[in-house]
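As structure tokens, here come the structures.
You will see two complexes here that share chain A, one where it goes with chain B and one where it goes with chain C.
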Partner chain A sequence: MIWPVLTALLSHWRRYPLQLFTLTVGLALATALWSGVQAINAEARASYDIAASTLGEGQFDRLVPRDGQPFDQTVFVDLRRAGWRVSPVVQGDLNGIRLIGIEPLTAPGALLPINAANSADLTAFLAGNGLIRAAPDAVAALSGLGQVIADDAIAPGTAITDIGVAQGLLGKAGLVDLLIVDPVQPMHQPSVSEFAPELSIQAARSGAEVGRLTDSFHLNLTAFGLLSFVVGLFIVHGAIALAFEQRRAMVRTLRALGVPLRLLVGVMVLELLGLALVSGAIGTAMGYLIASLLLPDVAATLRGLYGADVANGLQFRPVWWVSGMAIAVCGTMIAAAGALWRIGKMPILSGAQPRALALTGRRNGQVQGWVALALLAVGCVLAATAAGLVSGFVMLAALLLGAALALPVLLAWVLGLLQASSRDVVAQWFWADARQQLPALSLALMALMLAMAANVGVSTMVSSFRLTFVGFLDQRLASELYIAVDDQQQADQLFGVVSGHVDAVLPIQSAREAIAGVPTEIYGNRDHATYRDNWLLLQSGPAPWDAVAGGSGVLINEQLARRSNIWVGDQILVAGEAFEIQGVYGDYGNPLGQAVIDEHRFAALFPDELPRRFGLRLDPEKVGPLRERIGQATSIPQANMINQAGIKAASLAVFDRTFTVTSALNVLTLTVAGFAILMSLLTLSAMRVPQLAPAWAMGLTRAQLGRLELLRTCFLAVLTGVFALPLGLALAWALLAIVNVAAFGWRLPMFLFPVDYAVLGGLALLAAFLAALWPAVRLARTPPSALLQVFSNER
Partner chain B sequence: MLLKATNVHKSYTAADGVVPVLQGVDIGLEQGQSLAMTGESGSGKSTLLHLIGGLDTPDKGQIWINGSDIAALDDAGRATLRRGTVGVVFQQFNLIPSLTVADNIAFQARLAGRHNAGWTTELAARLGLVDQLAKYPEQLSGGQQQRVAIARTLAPRPRLVLADEPTGNLDEDTAAVVLDLLLSLVSETDAGLLMVTHSNALADRLQSRVHLRRGALG
Partner chain C sequence: MNVRFVFLLLLWPLAGWAQGFAGLGASDPSFARPQRGYEFQFPRDHGAHPDYRIEWWYVTANLTGPDGTAYGVQWTLFRTALGTGDAVGWATPQVWMGHAALTTPDAHHVEERLARGGIGQAGAQGNPYAVWIDEWEMAGSFDAPRLRASGVDFAYDLALSAKGPIVRHGDNGYSVKSAVGQASHYYSQPFYEVAGRLMLPMGEVAVTGQAWLDREWSSQPLAADQSGWDWVSLSFDDGSKLMGFQLRGAEVFTSATLIRPDGQAIPLANGDLSLQPLELAHVADRNVPVTWSVRVPDHGIDVSIVALNADAWMGTSVPYWEGPVQVRGSHSGVGYLEMTGYTP
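Moving on, here comes the complex of A and B:
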């Protein structure tokens, strides 16, 4: 019995292929946006995990040379003999690949790309015949250098080999770059400084640090993916509701012919499941494509902002494939739940009465209005009280969903007003007809509003961020030339060359320490007009710079202030010494806490930290000649000299790539919304004939009816855009004032960009016009026989 | 007895209170016999037909078909009854618009697991539908659609055929042709026929007749 019922149900799609297309494409697009974002997130997280396990980066303490130069491997031997369980590492760049040489016999187990317990593995690795294990994307660059084996467990762009092989390939014979310190050490050891005074210990970072820093970024991506998915679901819901509405008569007939209700609902679920799986597969494949296109930008962003390595190429990962299929199935079931429930509750006989969508809409309109009001109220309460990421996103969800549900109610109200104020009979009919169409079009219009609001919100956030960031760079990158030196000798050479040619040499020195439990970079700044004149403080004491120069004051960045809730007037400990906070400064784009103290206090507290970078103040016109002079008179390479313009350009480039992803998602979301309108209008066009036939019979021409159809859609799109603007601005405010503060620790000022909004409105209108054009033309060309058939008694 | 209904009551709740539709109706039909049920609009004819067809349940009373009380059946049991034992011809045809004529004719027989290609072909031929088999219902006239509905009902060879004003939507000539076909095919399959009609002329062509007035036999 299942087969004939399934055949009958499926025959509906054969008769209405456009509905099938709408449903499939809507679901596929929704899944594509979701699974694309998930693919990017999964790839990035996998890269972090691999990076963390490849070199034990972040997991183990390390002994590193103070001067940054490779040191003799006899130091390693001496330390081992003294009882230190350390393991040598040599690393360097080879053909653009990061080649790491390790010593498998002494390396902690977690570092090894091989199983040390397996003697065959170990022997092959130690044989010294050039066996290199490399990430798949690094294999090609290393061909010809020995036996290269692709290994998925190695971080992108990285290769690992025996230390002897690496020393040979990197030209570092007898040298090592650092020593990994095993967490398990003997109880009593001599101090490192006795055997290796040139080495300093670098504490392990928390293993999850990279993950934690990038979590916010991924959370934002996920939120946009979900928003896009919800927009897609509106289409799917609309398509399913329409299909079920049109199949009510069929359902009644099937039941009258003896199909049990449970079996019927079960077969319908089966049918939807099949459609969801097909659409989900298409969508996930499209998501793979989107992710492949966006991943290079995401990788660049994460590398630029957080220093996190993410592979440029996408790998097939079952996690997001399954996630894509699951979300497609769940989404379809959520979208169809209401329709299935109505079928389940529908008595055989009452189903005989045709139910107009408009009637359903009117009945549900009141409930929908109250739910919208409740959601908007929740959003407003959370706007005043939300303090974390989760409550921020709950607030956004309540706001967006509430506004979406309120849209049809508001549109009906406006159309009602227009109808009441019209005197012309055609105008009255036009507004009444538009109102009648609302229930069927409302899902597509909701999707359009959400897409437009997301666009307004995100573009406002991005543009506000950019304006603030550019201003911030102007403040913070005041020096005209930045020079990095390798050692004190180079520093002395530099001072000698620039003396008399620059207005000031500002040392840039920092140390890392936890302040109030937050990892913080402590800077020792020279008291100079560069800082006093350029830095804008968000909060300050009476004479902040004097207090810092006097040695008792400290300035902290906004991230540290917000995370630890410490503000001007509070005391903090830096290297055990008390400082009073004299000011809080904006510090955008930096995930870490920062504190600035006087350079003399810094030197006293951190005697080992010598300045390795310097900012030079001079006439910008003289930057070029000075660079040349420094290059000729010192051993400082040109690569270590960066002028202000270069840094600003690089910073802005990183910043701009950060938002390429969200911009792309915005465009895709708007496209999906345009598609929703097109599909709604096309599927409705057949139902429109009986509604328009009386108007045609009473004297309106088909061309007039077509034009009015077009005008109606454009008007509704404009009205939707008017409602989307405040919603988008509320979204921007929530992103800037709640989500950003919770995610990154800084609050940005909000700027408005009316021209951008006008352009967006124009684009939305164009999308609506294009979407309505084809159905309107089809309507204008409806043959009179089709219109006459409406009046035929035989139907 | 193929059909026996005793003391059947049914009422509906309307805005202005409970409206009694059937008030203690008794009716019976033997295998191979035909019975016309007449009465003015609102007399309860269609309601009684729906109760006998298992499309609805009585408030009170019993309805036996082939010896089993259908009032005691659950939804699945009544569905089984509609699939195999009882066939209903509706006034509005109720064809499945997305299936072809051929698929519509075979549909109920397939549901009942009694599909016989030879018999459905013969039915199509007898009802003059051979040239229409590949068409969809909307491409047919009303008379042709009702003939498809009759073929679909008779394809699984039901024991009892219920017809709810089967010619109500047809012109006089077409109605006569459709009724001739229905009567002869029911007779050939030895099924019982209960037909609701407004028309005394049509009722006269059946073996017996009952008249409903305000929910009771009159």
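Moving on, here comes the complex of A and C:
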């Protein structure tokens, strides 16, 4: 009996191909956005993992030269002979490839794509015949340099070979760039500074911070993907609800013919499953396409912002298909659960009423309003109390869902007010008809609102981040020219050349120490207007800069303050001496704690740390000539001089790549929402002929009716947009003030961008207009005979 | 002590190297071959012989703490050449492997180190005498070296002092290993007296005792039908010493040297020595005999040896059992036992 029932059910789609299309495309779009975003995230994460395993980034402490210059490998031998289990690494750029030379016999086991257990590899490695293992994308660039083997386990753009081979290829004979410290060390060891004073230990954690930082980016993407999927689910829910309503008559007939209810529901689930699988496949394929188009920008963003390497090319990962299909099936079932439940509960002979949907909608309105209110209340309570990541997300979910449910209620209320206040007959009919359409359109409008809110929220967050970031750059890069020197002699040369040509020379010196258990960089700053004028303090004592200059005060960054919960007025120990916190400043993107004390106190506490970098204050116009003069009169290479303008431009260029991704996703979600409106209107239009026919009969022309349809949709879109704006701002606030703090330890100030919101509103209106255009045109072209027929068929 | 040739060449985990050696064949002419009639040149021969494929410095010591507690110490440096010659820097074919162990009655600490030759991280030279890998070293003079090693949870620092002559095994140090003529250059210094300290997790212990150094180098791997071997070096209280081993295979092959208190070496032929397991212990998922009957009937030796700590498992990249033993029976004394090839 299954087959006849299935064909009977499927015949519905033959009669309403547009609904089938809506369902399939809605689900496919939702799946596409979700799986596309997931694909990007997965690809990036896989790249980090490979990078981590390639060089043990973040896993191992490293000994790095203080001056950043490669050092003699005898330092490695001396340290080994002193009882330090370290392993040398030499690295450099070769034909655009990052070539890493490692020493397999001393490298910690987890470090390498090869290990001592894989004997053939090791033999080839040590045999000195130049075996190079390279990421597949790096093989071509290295051809001819030795025996190059492609290896998927190596980070993109990277190649690994024996240290001896690498030294030769990189022209670094006898030199190493860093030493990896084995986590296993013998019982007794001298201190590193005794044997290798030129090296300093870099804790493993600092490398792992790449993951923490990039997480913020992925979090944004994931939030976007999830919102898009929810928007898509609204479409699917709408389409399924409509289809099931229209099939009530068929269900009644089938059941009257003796089909058991359980079988009927089972077959319907089967039917939906089939639809979900097909749409899921289409969606996942589309997601792959989206991901492959966006990935190069994402990769560029991550590389620029955080120095994290991500492959440009997308690899096929079966897990996407599985997760894409799973989310499509789950989404369909969630969307259909209500409809299936209603079918199951329906009395066997319940009539097939064409306006059943609208009538149930009105009945449910009140319940929906109360649920919405409850959810919004939960959201507000959480907003005041939420501290962690999970409660932050729960709050977001409550807020979005509550707002979405509240939308139809609010719209009905506004439309009711408008109807009551209008006197003109056509106007009254216009508002009344809008209210009557509302239940059918509300799902699409919810989708539109969520899409707009997501856009407002995410773009507010990104733009706020950008503004903060720019401000932060201004604060941090206040000097016009930065110069690094190798030794005191170069520093003296520099002073000689610049004296009289610059307004100030600000030494930049730092030391590393744990403060309140947090690894911290301690800076010794000169008391200068540059800092007083530019640095923005999030929290400060009465005269923070005077206290710092006086020697007793310290300024700390927000990360240190939040991690150790120390704030203005608290005391901290720096190199064993007490300082009182006088201010907390924003320090975005820095994983480490930071503390600023007076330069004289610094010199007394850290006599070995001499300033190696200097910030020069001068007229920006004169930067170029001064650079040239320094280059001619001193041995400082041009590479050690950096223009502030150059750094800023580079940083911002990188940041703006992020926008490419967010704006692309903005457009996509709006498209999905517009599509939802189009589909709702199209499915409605056939049902609406009986309602429009009397208006036509009373003298409204078809063209007028069409224009009114268009106007009504646009008005509803504008109204939705008005509600979406505060929701979006609430979303942005939650992301900046709750989720960001929980995830990354700093709170971003929130800025408003009215112009952007206006543009977004315009785009949403455009989407609604385009979506309503075709149904309106169709309506305007409805043959009079079709309208007349309504009266002949009068029930 | 040819067993250790087999040990290195067959069981060094880098099977690729072994295949490389096999490919080169036992008579690879590019490596130097041991010559009968060669007179050791000291101190030069205390250092490395890079022209030979394989070589080691092998020290075992039986020590006693102030409270009479027995301890055992092992310090071993292996050298393997992946090819002939001794190019400088990273291009050298010389690879070094060090094993250090410290055994107490209830603990066994092990550490392994690997190093490339050519850059100074590991090496061996006769004059001034120095054999080292990382911070481990046996250096000073051959007759009175300082022996040091350390690991995660142990370290030792011992002063050795030779109280007897160097012992040449086989024919004046030319030690024939098989009927087809494979051989090695092989000498020992079994007469070191030891004083020093052990660093253990619970603290430092001052110790005294005796140590035994084996020096051997060759280029010729043995035929490899044996499944493993059992090897002992025993120091009897009367001042005499016994080194002996058996290769387990289709046929058991034994070899031994009896050393008189004055250092005179008496080579024993195949079959003169009898090694019989008496008791098994479950170690590292396998059964290993940790009590043996050792007999040399012709010389009136009939003793049983008992491991100080049955758990003296060397969980290194080549796993094996090596630890101190107590000797009882016709003679009493101390010694070291090494066993390989016992599979789970």
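Here is the rule we use: the second predicted complex is superposed on the first by the 684 of 795 C-alpha atoms of A that agree within 3 Å, B and C clash if a C-alpha of one lies under 4 Å from a C-alpha of the other, contacts with A are read in each partner's own complex, and residues count from 1 in each chain.
Basically, a contact is a pair of C-beta atoms (placed from the backbone, for glycine too) under 8 Å apart; a residue touches a chain by one contact, two chains touch by 3 or more.
All values derive from a computational prediction rather than experimental measurement.
Peer 1: Overlay done on chain A, so just call it for chain B and chain C: clash or fit.
Peer 2: Once chain A is superposed (C-alpha atoms), there is room for both chain B and chain C without a clash.
Peer 1: Hey, in the superposed model, what angle do you get at chain A between chain B and chain C, Cα centres, nearest 10 degrees?
Peer 2: Taking the centre of chain A as apex, the angle works out to 110 degrees.
Peer 1: Per the contact definition in the header, classify A:Thr74: touching chain B only (first), chain C only (second), both, or neither.
Peer 2: It touches chain C, and chain B stays clear.
Peer 1: Touch test for A:Ile163: chain B only (first), chain C only (second), both, or neither?
Peer 2: second
Peer 1: Pick one for A:Gly83: touches chain B only (first), chain C only (second), both, or neither.
Peer 2: second
Peer 1: Which partner does A:Glu103 reach: the first (chain B), the second (chain C), both, or neither?
Peer 2: In the superposed model, A:Glu103 contacts chain C only, not chain B.
Peer 1: Taking the superposition on A as described, I'd like to know which of chain B and chain C A:Gln185 touches: first, second, both or neither.
Peer 2: A:Gln185 contacts chain C only, not chain B.
Peer 1: Once both structures are overlaid on their shared chain, how near does any Cα of chain B get to a Cα of chain C? Whole angstrom is fine.
Peer 2: So the smallest C-alpha gap separating chain B from chain C comes to 62 Å.
Peer 1: Between chain B and chain C, which residues of chain A are contacted by each of them?
Peer 2: No residue of chain A touches both chain B and chain C.
Peer 1: Please name which positions on chain C make contact with chain A in the complex.
Peer 2: 13-17, 20, 82-83, 89-91, 93, 95, 111, 114-116, 119-121, 132, 134-135, 150-155, 199, 317
Peer 1: Note which residues of chain A are touching chain B in the complex, please.
Peer 2: Touching chain B from chain A are residues 1, 3-5, 7-8, 11-12, 14-16, 249-250, 252-262, 348-349, 352, 794.
Peer 1: Applying the document's contact rule, which stretches of chain B touch chain A when the two form their complex?
Peer 2: Within the complex, chain B touches chain A at residues 50, 53, 55-56, 75-76, 79-84, 88, 90, 92, 94-99, 103, 107-108, 110-113, 136, 141-142, 152, 169.
Peer 1: Can you name the residues of chain A that touch chain C in the complex?
Peer 2: Counting only chain A, the residues touching chain C are 73-74, 76-77, 80-83, 85, 103, 105-106, 116-117, 119-120, 122-124, 126-128, 162-165, 167, 174, 184-188.
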